[in-house]
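Chain IDs A, B, C and D follow the sequence of writing; residue 1 opens each chain.
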Amino acid sequence: MGMMALDSHGRVHTTTVHARIDLATGVTLLTLEAPELAASVRPGQYLMAIPPSGESAATALAVYDVSGKHASILFFVTGKRTRDLATLTPGALLDVVGPLGNGFDCAGGERDVAIVAGGVGIASVWLCARALLARGARVRLFYGARTADLLVETQRFADAGCELVLTTDDGTRGERGLVTAALRAAAPPEAIFACGPSPMLRSVGEIANELAIPAQLSLEETFGCGVGGCWGCVVPLTASSVRAPGFPPAQRGGSDVVYARVCKEGPVFLADELRW
Amino acid sequence: MGMMALDSHGRVHTTTVHARIDLATGVTLLTLEAPELAASVRPGQYLMAIPPSGESAATALAVYDVSGKHASILFFVTGKRTRDLATLTPGALLDVVGPLGNGFDCAGGERDVAIVAGGVGIASVWLCARALLARGARVRLFYGARTADLLVETQRFADAGCELVLTTDDGTRGERGLVTAALRAAAPPEAIFACGPSPMLRSVGEIANELAIPAQLSLEETFGCGVGGCWGCVVPLTASSVRAPGFPPAQRGGSDVVYARVCKEGPVFLADELRW
Amino acid sequence: MVNATPDLSVKLGKLRLAYPTLMGSGCYGSGEEFAPFADLSKIGGIVLKSVTRLPRLGNPTPRLVHTPAGMLNAIGLQNPGIEWYLERELHKYRGRPCKIIGSVAGFSLDDYSYVSQRLAERDEIEAIELNVSCPNVASEGETFGCDPDLTERVVAAARATTDKTLIVKLSPNVTDITAVARQAERAGADALAVVNTVRGMAIDVDRWRPRLGNVTGGLSGPAIRPIAVLAVYEVAQAVGIPIVGQGGIETVTDALEFFLAGATAISIGTANFTDPRIPERIAAELRSYLTRRNLSSISEIVGQANAGITSAHQYEGDEG
Amino acid sequence: MVNATPDLSVKLGKLRLAYPTLMGSGCYGSGEEFAPFADLSKIGGIVLKSVTRLPRLGNPTPRLVHTPAGMLNAIGLQNPGIEWYLERELHKYRGRPCKIIGSVAGFSLDDYSYVSQRLAERDEIEAIELNVSCPNVASEGETFGCDPDLTERVVAAARATTDKTLIVKLSPNVTDITAVARQAERAGADALAVVNTVRGMAIDVDRWRPRLGNVTGGLSGPAIRPIAVLAVYEVAQAVGIPIVGQGGIETVTDALEFFLAGATAISIGTANFTDPRIPERIAAELRSYLTRRNLSSISEIVGQANAGITSAHQYEGDEG
């Protein structure tokens, strides 16, 4: 299965907060006026949000949606930096670097695909879902969260034509349990696109590899620079991967591995090239 | 001249931001709904604002004004903590500790008094001006700032009946130069009440001592705890001062000095007890 | 056990604390300053400001500078000296609803043993902390804590003067803190306070001068937490006596990092300058954390971040 | 002079920088990663990621943790090894509009001299920085920088291999950094980089494990600035060679603190993760600061926070 061309050219954009919606306590959707960014984003790409306070590192955030001159971000307040971003209101300026990274390849021929999202992972898959639906694929969204309130934007996906399979850890909405259990229980799709915490992505990868289904996984590692300069965000790949950086491989667990940068070679990788 | 009883009993109050006015870029006036605080504040007292972000130390801020169940603070954004506070909008919660410290004694018999304020010092003197005017004193406000925009709230003082003498470093409003020069040039008052940066207060103190005018100076040291526990905010006093803490004095510059805590024994001290 | 409220009490040598939280020396006065805002019956104890043999005026001003996620201080051990202290200060501490720990600083072996003895004689004082790590007194203070052998001698001298719990407070400003820790243990320390402030400095770029009257100061607050957590983690593997972890603790998460690294108790200093309710809040949240995990006592998590991980990872870290 | 634009150029040994700003090793890749966002002709130079004799896979993940006003990293010197590096990486650096400085790390004297020599031979490389202070490689790396005598030998070995500017990067994780600095100078260093990261650790309180794959890491960012400013201030009084100040520089004020403390140039690392425009902004604001004060060159402020203040204050600090 082919992936889109490696490397992408982000820029620094000064954007203006156009609208703000609080989807749940601690979950914010900001729509930014950012014409050039909006015009150049591809599904699964992200941006680095430069902290309005000037303090602390920039924060990696998926570009959730784009329309016209607007691009939006959807984030969960988990610490200082997202708390900073959550103070922004319409009219405020926000500098961002992007679009960055290699996103999902939605141009494959599969007719029946599954999107698997866990927690904030939902922010990385909307553009992907839209592209897949646009080319006429059946799209099932397997979406899990800790509790009902944190299952956000489900209506948007449903209205667009996705079939929703929801799960919560506490059973307050959808099936109780892990989203990967729901995936396993369902009829196998032809391809999988997933974003969420590492444990979830690992088991999505296992499922995909068992069933020999191609799976594109969008990883969330802690970022430093976000642009390929610090090697802080790496993940082990099989040395033969097209995305493996030109480095001498090392033996690990019986195979040749190379650490690739999630921010630069990724954030999307194929399940069968990951060696974690 | 008598000062009011030492020691004051502050408490932690959870207040709600009632109104916000941006007096100039980087100068914010927040009115807080804080009934008990408003009821107990005396002129020249301050509070410690607990950072809404939870990060960094609390910030010492004068209680600018009180009316009914409202108390207000007026602050200049100089760094991280005031920047944090400047993100607050009506409806937001702000916890504060106060009222704290020993403020101005406005109950003296002087009929013709001068209030000297430099920069943010203006925030500490409004309640003092009001009290002095209320007992029929002639009040001249000598007020200096870097530039015209930073001379805030002048109308309020004028409307209340103060005679204003304004100065700016750049001459954009009032006389060009230091506010202390204006004080020196004016007819001597019977008493002085002052708040501002240390260099200003030192020369106000010198003027007062030369002319043998009683002067109450509200000091601005960098605070740690703000409640007397860390001895970080001290200023040297003559050992004979009523406010000198019970510590063995040490010889310095030919006189017996003791370090007193600006947060606890102050922030207001008499010009003739300071040994800085 | 599951339904019983978890036990937060801990022991440091003979000293039993109802809560595993001490208030850091020099940060909490005598407690009375904070009493209007904090419930002293909900903290383990207060470590008093360090006292010396002779009175000290302390450092010139300014003594404090706020820095990113922290604070520099150079108080310079302002204190009235031990005699005055015993006569006119100590009585204040009677009847505090928490433990009172005296802190001793000095410039010679004699200083430390003399002041320790005079303090320990008094029954207001339930334990002694030796501050061999104050960075703000033209360095003599700190040299003790930066030299394992000097530390051993100071501790031995103080140890000889009292049976009360003896806590030795270590400096992070050393190449190998475990060497100092081992000597302190050997010399008879009952517990170690890890760590004191990290030496630092700030400069006024308008006036081209140091921002502290003393030029240099001690850095505290969240900025130093990763440094302090590591110090606790390493010292815990080097000694068998309990550790009082400190350095930037502001939340229950921060506190848990120290317990998991190997601290038996924690100390809260600078966070009291952020919000005086923090110590009580941390105690309450520690209890709910333990309850959520069906743990019956804080002691069950002490050092749990520790087991066997190091070697494995470092092996892999050396690959390539 | 007043009207001429102030001169920001500085010299480190033979190396002349158009701007007094280097990009910290390991933080800026080869520069190409930042080129779309930053104007490389407005920075002094880039210190490349440290390279070792043999390839290194680097540390297991996670390698980064964000901490208050800072960041812990434990990359573990991931690099392809010197041979591969010379063959397949170095060509990238040709024609960069700023200086390129190679960084050498190792585990033996041989490593350092061999890699220094191989790098220095290449004309893409205009100076060598010796990283004797990496805290993330199971400690061997750092031991060199924590021992004055080992440091002297490593520096002497590298010095013998090249006439190009040799910068020695010091560790803050020592009791007395000036001792190491003096030995490095004696052994022939042309300049000192002060300081590398401070050792630290963070613990995951949900999973009871260290948050870094390598357990411990190096703390960088504004959190360590007061520690780094003091290190520069003290080293500047101990040696005569120029200092490249670093540790938490994010703004022109931060940069000025380092120059006033005694740094001839500064290095910017973690701040590039906040905003890639920071180095260019700092250079521009340094220029206006000098202009406002009618100064003709950055060199006029180097070490100005220093003169004679110390003694006066510390005398007073001992009063009481």
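Note that a residue touches a chain if its C-beta (ideal position, glycine included) is under 8 Å from a C-beta of that chain, and two chains touch if they have at least 3 such contacts.
Keep in mind the model is a prediction, meaning the values are calculated, not measured.
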item	value
Chains touching both chain A and chain C, listed by label	B, D
Between the pairs B-C and A-B, the one where more C-beta pairs touch	B-C
Centre distance in Å when chain B and chain D are each reduced to the mean of their C-alpha atoms	44
Chain C and chain D, separation of their C-alpha mean positions in angstrom	32
Cα-centroid distance, chain B relative to chain C, in whole angstrom	35
Centroid distance [mean C-alpha coordinates] between chain B and chain A, Å	52
Where chain B touches two or more other chains, by residue	55, 80, 250, 252
For chain D, residues contacting two or more additional chains	55, 57-58, 65, 68-69, 78, 221-222, 319-320
Contacting residues of chain B [partner chain C, same complex]	9-12, 50-51, 54-58, 79-81, 95, 97, 221-235, 246-248, 250, 252, 257, 259, 264
Partner chain B, residues of chain A touching it in the complex	53, 55, 80, 83, 87, 89
In the complex, chain D residues that touch chain C	54-60, 65, 67-70, 72, 74, 76, 78, 136-138, 146, 173-175, 198-205, 208-210, 213-217, 219, 221-227, 229-230, 233, 248, 253, 256-257, 260-261, 301, 304-305, 309-310, 313-314, 316-320
In the complex, chain D residues that touch chain A	26-29, 33-34, 36-37, 49, 55, 57-58, 61-66, 68-69, 71, 73, 75, 78, 80-81, 84, 88, 221-222, 250-251, 270, 272-277
